[in-house]
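What follows is a set of structures to go through.
Shared between the two complexes below is chain A, which has chain B as its partner in the first and chain C in the second.
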Partner chain A sequence: MLIDLLRSLLILVGAAFFLVGTLGLLRFPDAPTRIHALTKVDNLGLGLIVLGLLPGVASWPVVFKMILIWLLAIAAASLAGHLVVQAWAGSQNKETSSRDS
Partner chain B sequence: MTWALWVSTLLLLLALVLGVWRVWLGPTLADRMLAAQLFGTTGVALLLLLAELLEQPALRDVALVIALLAVMATVAFVARAQPAGQSISKKENEDAD
Partner chain C sequence: MILDWLLAGALIGTAAGVLLTRDLYRSVVLFIIFGLLMALVWVRVEAPDLALAEAAIGAGLTGVLFLDALGHLNPDKAAAVRQKYRQPLLSGLAFLLALGVTGLLWMALVDSPQPGVHLPEIVDQQLLASGVEHPITAVLLSFRAYDTLLEVAVILVAVVVGLALRFSQEDQPAETQVLSPLLQKMLVWLLPLMLMVAIYLLWIGSYRSGGAFQAAAVLAAMAVLMRMSGTPIPGHSNLYLLRIGLVVGLGLFLLLGSVDLVSGGNFLAWPEGWEKASILVVEGALTFSLGMLLFSLFEASPAPKQASMTRGGGA
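Entry: the complex of A and B
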């Protein structure tokens, strides 16, 4: 009984973190701050959800698969975050330099 | 236990809708690209929850594929937007911010 309570708590907190991340996506002023909020908080939410789902899984390989999915999501988010912000900063400099000259 | 799964599935759907609103609102291209990132992670979480709820183990593999494809979308966007000289940070509609 306690395990179920703990699992539902973990999953609900994970979903709440997703909402907080999306709220940050809407509230922050410009692109880098938005992606900062998005990548960090969503991955934490995903980690909590995976943690909440783990006890309900029957076999061990599926446990490792879910953990690997979470690690892949973290790597994917950080890669995408860096790429987008560097591209954004590049075009930001190009824009300001063209405007100044 | 299952009520918690259903409630968090609804919360994740709400997060997706807010992401679509950011795509609509997003002044710059980079903001619109964040939605691909958001759909990636939220989609993975949703699918993992549904895999548990609907007892469909195949959904976990779908989640794995989505996590990968979201990265491909962002990489393709960055690789294509740069050489094309398309400005990522230019605000298309000045009022929305």
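Entry: the complex of A and C
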């Protein structure tokens, strides 16, 4: 009973983090801050949801897979965020240099 | 139930967005979102195989190809083409046509003939004879193997034409490399994992959702990642290996499919007692070839007119 309550709480808080992350994506002014909202907040939300789902999983392989999904999502998000910001910085440099000349 | 309505609404909304938005880039991004929503719909109607294929090929790979094509488009020319379709006569005609097709589809839906046979039941009854335990794999590679064969042939022809056009052009292949030490370091971990996922998807295809097309999409994604990060792909510049790799799937499909024909049986009936082995071999070869075919479509794209850095992170 208590564990169910805890699980629901974890999943709900996780979902709330997703909501906040999406809000950040929509409201923040530029690419770096938006990526910050997406990569950090959403991955914390995903982690909480995975944590909330874990006690209900019957088999170890599934537990392992769910944790692996979370870790992969973190790795992919940080890598994608890094690449997008890099591309953004490149285009930003190009703009300023073309404005100077 | 609410979720279904939300999904349906979002699907129609994004579809309308894809068609109506003036900005081509926005249109492509909405198309990718449409593909992902479509994948969710397939999950909701309990068709995870289609969901996997839709997410990987419909949204992922097609999205990359569209983004790539977008980089090659001359903005003025694209605007001119769109301007052309804003002519009232043309758009009126298009509207009437769309209305007609919608009407026909509606009639087909309302007036659908009662099926004389219950197909899922027949598939279930014949599943044992196919040699695999998963009904969708059985349909794709045993009961309706002919369709799959032709699908692969169509993709092969498309890629051959694409490559022929590529080789006839004078400019060098596109050098769309993303230079990032982090990407290189991560790929050392990610690539083996992706290879494992591809083999896993192929292997479980015989008894669960998965199979050649899904595994091939992962393989193609691997190759695209390697290409963009500058990781050397073994045998990449060898044209003979390329040709062999592209046709080995279709070739083995035809070869094993003809064994029974030669001994007086039917075309594409797998050899007696070797059904599962044949399907696995063909699926393995198909995975490899389809992966190469999908990657070749990406590879065959010409160099961008103006080097746009923003496309780098997309893949």
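What to note about this one:
Convention: the second predicted complex is superposed on the first by the 101 of 101 C-alpha atoms of A that agree within 3 Å, B and C clash if a C-alpha of one lies under 4 Å from a C-alpha of the other, contacts with A are read in each partner's own complex, and residues count from 1 in each chain.
Just so it is clear, contacts are C-beta pairs under 8 Å (C-beta built on N, C-alpha and C of every residue); 3 or more make two chains touch, one makes a residue touch a chain.
As the structure is a computational prediction, the values presented were derived from the model and not from experiment.
Within the superposed three-chain model, A:Arg7 lies in touch with chain B and out of touch with chain C [touch as defined at top].
Touched residues of chain A, counted separately for chain B and chain C, are more numerous for B. By the touch criterion defined above, A:Glu95 reaches chain B but does not reach chain C.
Contact with both chain B and chain C is seen for A:Leu79 once the two complexes are overlaid on the shared chain.
Looking at the shared chain after the overlay, A:Phe64 reaches neither chain B nor chain C.
When both complexes are aligned on chain A by C-alpha atoms, chain A residues 72, 79-80, 83-84, 86-88, 90-91, 94 touch chain B in the first and chain C in the second. By the touch rule above, chain B contacts chain A in their complex via residues 1, 3-5, 7-9, 11-12, 14-15, 18-19, 21-22, 25, 28, 30-31, 33-34, 36-38, 40-42, 44-45, 48-49, 52, 57, 60, 63-64, 67-68, 70-71, 74-75, 77-78, 81-82, 87-90, 97. Residues 4, 7-9, 11-12, 14-16, 18-19, 21-23, 25-26, 29-31, 34-35, 38-39, 42-43, 45-46, 49-50, 53, 56-57, 62, 65-66, 68-69, 72-73, 76-77, 79-81, 83-92, 94-95 of chain A touch chain B in their complex. Residues 178, 180, 182-183, 186, 189-190, 193, 309-313 of chain C are the ones touching chain A in the complex.
Chain A meets chain C in the complex at residues 72, 75, 79-80, 82-84, 86-88, 90-91, 94.
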